[in-house]
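First the structure, then my questions, so here it is.
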Amino acid sequence: MSDKTRVTVWNENWHEKHNEAVKKVYPTGIHNTIAKGLSQAADLEVRTATLDQPEHGLTAEVLAKTDVLTWWGHCKHGDVSDAVVDRVQKRVLEGMGLIVLHSGHYSKIFRRLMGTNCSLKWREAGEKERLWNIEPGHPITAGLGEYFELPNTEMYGERFDIPTPDKLIFISWFEGGEVFRSGCCWERGHGRVFYFRPGHETYPIYYNADVIRVLTNASRWAKPRVMLADNCPNSKPIEVIKDRSAEFGIAGIIQK
Amino acid sequence: MSDKTRVTVWNENWHEKHNEAVKKVYPTGIHNTIAKGLSQAADLEVRTATLDQPEHGLTAEVLAKTDVLTWWGHCKHGDVSDAVVDRVQKRVLEGMGLIVLHSGHYSKIFRRLMGTNCSLKWREAGEKERLWNIEPGHPITAGLGEYFELPNTEMYGERFDIPTPDKLIFISWFEGGEVFRSGCCWERGHGRVFYFRPGHETYPIYYNADVIRVLTNASRWAKPRVMLADNCPNSKPIEVIKDRSAEFGIAGIIQK
Amino acid sequence: MSDKTRVTVWNENWHEKHNEAVKKVYPTGIHNTIAKGLSQAADLEVRTATLDQPEHGLTAEVLAKTDVLTWWGHCKHGDVSDAVVDRVQKRVLEGMGLIVLHSGHYSKIFRRLMGTNCSLKWREAGEKERLWNIEPGHPITAGLGEYFELPNTEMYGERFDIPTPDKLIFISWFEGGEVFRSGCCWERGHGRVFYFRPGHETYPIYYNADVIRVLTNASRWAKPRVMLADNCPNSKPIEVIKDRSAEFGIAGIIQK
Amino acid sequence: MSDKTRVTVWNENWHEKHNEAVKKVYPTGIHNTIAKGLSQAADLEVRTATLDQPEHGLTAEVLAKTDVLTWWGHCKHGDVSDAVVDRVQKRVLEGMGLIVLHSGHYSKIFRRLMGTNCSLKWREAGEKERLWNIEPGHPITAGLGEYFELPNTEMYGERFDIPTPDKLIFISWFEGGEVFRSGCCWERGHGRVFYFRPGHETYPIYYNADVIRVLTNASRWAKPRVMLADNCPNSKPIEVIKDRSAEFGIAGIIQK
């Protein structure tokens, strides 16, 4: 058995097939570009999955072999089946890592795990973004400097409607005057969740070395530390106690 | 217009109609007992709603007049319609307070807002519980001492599968040997959420003065600080920037 | 007895006496400008205190009558006596609010309460700052819009070496390209602490209506919810237990 | 150069020399018992240091070779020199891990890093403690079950006056009726801090396999992810801006 971290790169893969500008930037799809970038790391074993595959490529078998799932979606969030979302959520709560990318902020799985709207401000003007690294000691920023820049990006601005992150990693500065919490960590169940803002189908973001470095680091950070199935057990007492349940007309201590 | 905090006490109200032991403890239903307790506070205006009412008593009109919703459910979680859960979640994210009681840990609305399984250990033996007040400066513990006790309760034990609370208020000690995070605060969207463990249909928990004090305090704490509708706006730049979108085949800055 | 929140505005008041440019902006001292701004709120009772007064104006008597202390210091942090810092820290941990302003990030009291260096990047170029309000539901942002601007400020940039705030309220955008966590909330002991970035002795920051609004809101938010003296008591058991201390050569349960 | 994590086990080592009961339990000192336990892990390189050594055994040279420092003190907290505390704090903020044990809650270094009183309730009755593992996915609990027990311990009870932990790992149940947050994680600067409650000089706690497992896991978790010296730099702008400082009589952009 391999010691590698098994990453599944998921993509709705729609713009790439229907929009000429996007085809030019990502001729084989965003997923393959990300997968190629991650594959440079010898400790990552990378596969891809897309919306149009059976069960969106996220069968129980695939998830069972996935340590970390990355998620890119935009205009087809509604086409993702609730059954697959249930399955992915269950696996995250058991311990799988999840990395949500850019417009994935509005995906079913991210909103499901956050419990909030996950809305934000946005603008498409190809403007400059500078991501400040506010946690230089965090594994996700390993090898990065104080900041890195993306010359052309879609803007995302606050307020980003998310629960307060356990750890805020990046804050973006935008040329047009906004700021954004661009790298956010949470734990849900036994799994780790990382939201990373950069992306967008029309800019060559996933060819950028710093972006790939962040995604590589995040894949390592998000890998399962444990895999535990959920349960809600009836428990016998550890200390000796008197069962007073009969007075209240209830079942009492169950002798399993 | 009243300055009172408008509390709606929701109950699935099933055990009270089908179980003789429960009928004896709560002859008019858990909701009416809680409502009576809360109504002792002159600044609270209290109504009730139950599962068997049209739209479970939680119509848009009722929610529009609700500052804080308390939630008791147990065996009928599955009967709560998703449309009503959507509506309650939307209202919480806009600013309404939500107080989830005891077995409500497994309600659709609580799991929706947490994003986790919300599972735990449990046992019905009528044992003693002592709730330690670990935040004596928090509004929810106003007027309480270092701890309070419930002579007979159902046990809930860790691990409680929730996101780390923003603030942990109570930790319970159980006679049988377990502990539990019994009072937990979160913010979701603009609303406040409080989970409070004590409850159960067969014990007279909601007649206890300390429990009513906590629920009264929590109603005050959870009342809306703001009510803001969600949006995800396209935003024009604040700074003067060059729109480079044409180079990338995209829409660019939208002149609304 | 008054129901007003009693605010003491503290200032090292040195630049104002030794620098002509500062004298022009704050002829009666930064403290008096802030005090005048806060005094517009009918529910605040405002006094001032300065470094050159006996015990820096923060005697036990003054602190006993102070609900919220605001702190401005810059080049004289080292002149603040440790005894006064001890006294202020003790009072915060008991429940008093503390609002730390701008260059106060390097004050003894702030570093004492944070436990970190509280260092940051800085630049004096009179550049524009835009503070984004990321918590529109928080009491500290009441009455503010999505952002507010300061036309000329000193820049503070990340990484700001602080413990992760309990709640992040403002993120600043700077003309020169940096970002900063400009409004941060923590609880320490029973007291609340708010750090607010804007300030600086050479810009008329404390005449700005939005800044005064934030400081007014923060004074209301930070006021004591409780005042509790610290203790570390030897406690008798609540449950009946056998004292096994003699086996270990120790004192055992003390019968007070 | 070794890839091992270098742990320095610090002990005030006073009870062991002055109290017959303690001598019997820890004839070579608590530090040597802990060091022996940790040394079972092949990836840890363990040394000890004690209060009575020059500079308490924590010279700049020793700290430079220390990845993780464990701290046991009780009645001699006041004898630890402030200069050594400064040095340890500086090293933690740069990235070194710190594990604070039992009565170390009142040590200068822990109070310095927390900013609070760190007080609690206590009782010496040799009673039973059960530590519930509420984060089975956390590296510190690797290999532990749902709980572990200590047959005879000193009781520590809430309220423990600490800042809300970033992550709460263990909650203790005590025979006498109290609860306690017994395993708490924080980050300060670039370093990680873990407080672990079990200990006490008169019980053979540090011979317990579960306790040693926790300390071993914590040593791995707390090891530096980065080592960064503090600075507070004057920064030149990244964007082209007009220096307006002259209007305000200030230094302006410094051309370093």
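Read from first to last, the chains carry the letters A, B, C and D; within each, the first residue is number 1.
In the analysis below, a contact is a pair of C-beta atoms (placed from the backbone, for glycine too) under 8 Å apart; a residue touches a chain by one contact, two chains touch by 3 or more.
Computed from a prediction, not measured in an experiment: that's the story for all the values here.
Listing every chain that touches chain A and chain D alike gives B, C.
Each chain gets a centre from the mean of its Cα atoms; the one farthest from the centre of chain A is C. For chain pairs B-C and C-D, the one joined by more C-beta pairs in contact is C-D. Each chain gets a centre from the mean of its Cα atoms; for chain C and chain D, those two points are 28 Å apart. With centres taken as mean Cα positions, chain C sits 36 Å from chain A. Centre-to-centre spacing of chain B and chain C amounts to 32 Å, using the average Cα coordinate of each chain. Residue positions 130, 136, 157, 164, 166, 177-178, 187, 189, 238 of chain C each touch two or more of the other chains.
Interface residues of chain C, counted against chain A in their complex, comprise 130, 132-136, 146, 157-160, 164, 167-168, 171-174, 177-179, 181. On the side of chain D, the complex with chain C involves touching residues 19-22, 89, 93, 106, 112-117, 119-127, 152, 155, 157, 161, 163-164, 166, 175-178, 186-189, 202-203, 230-239, 241, 243-245, 247-254. Of all the residues in chain B, the ones that touch chain C in their complex are 95, 130, 136-139, 142, 166, 187, 189-191, 225-226, 228, 238.
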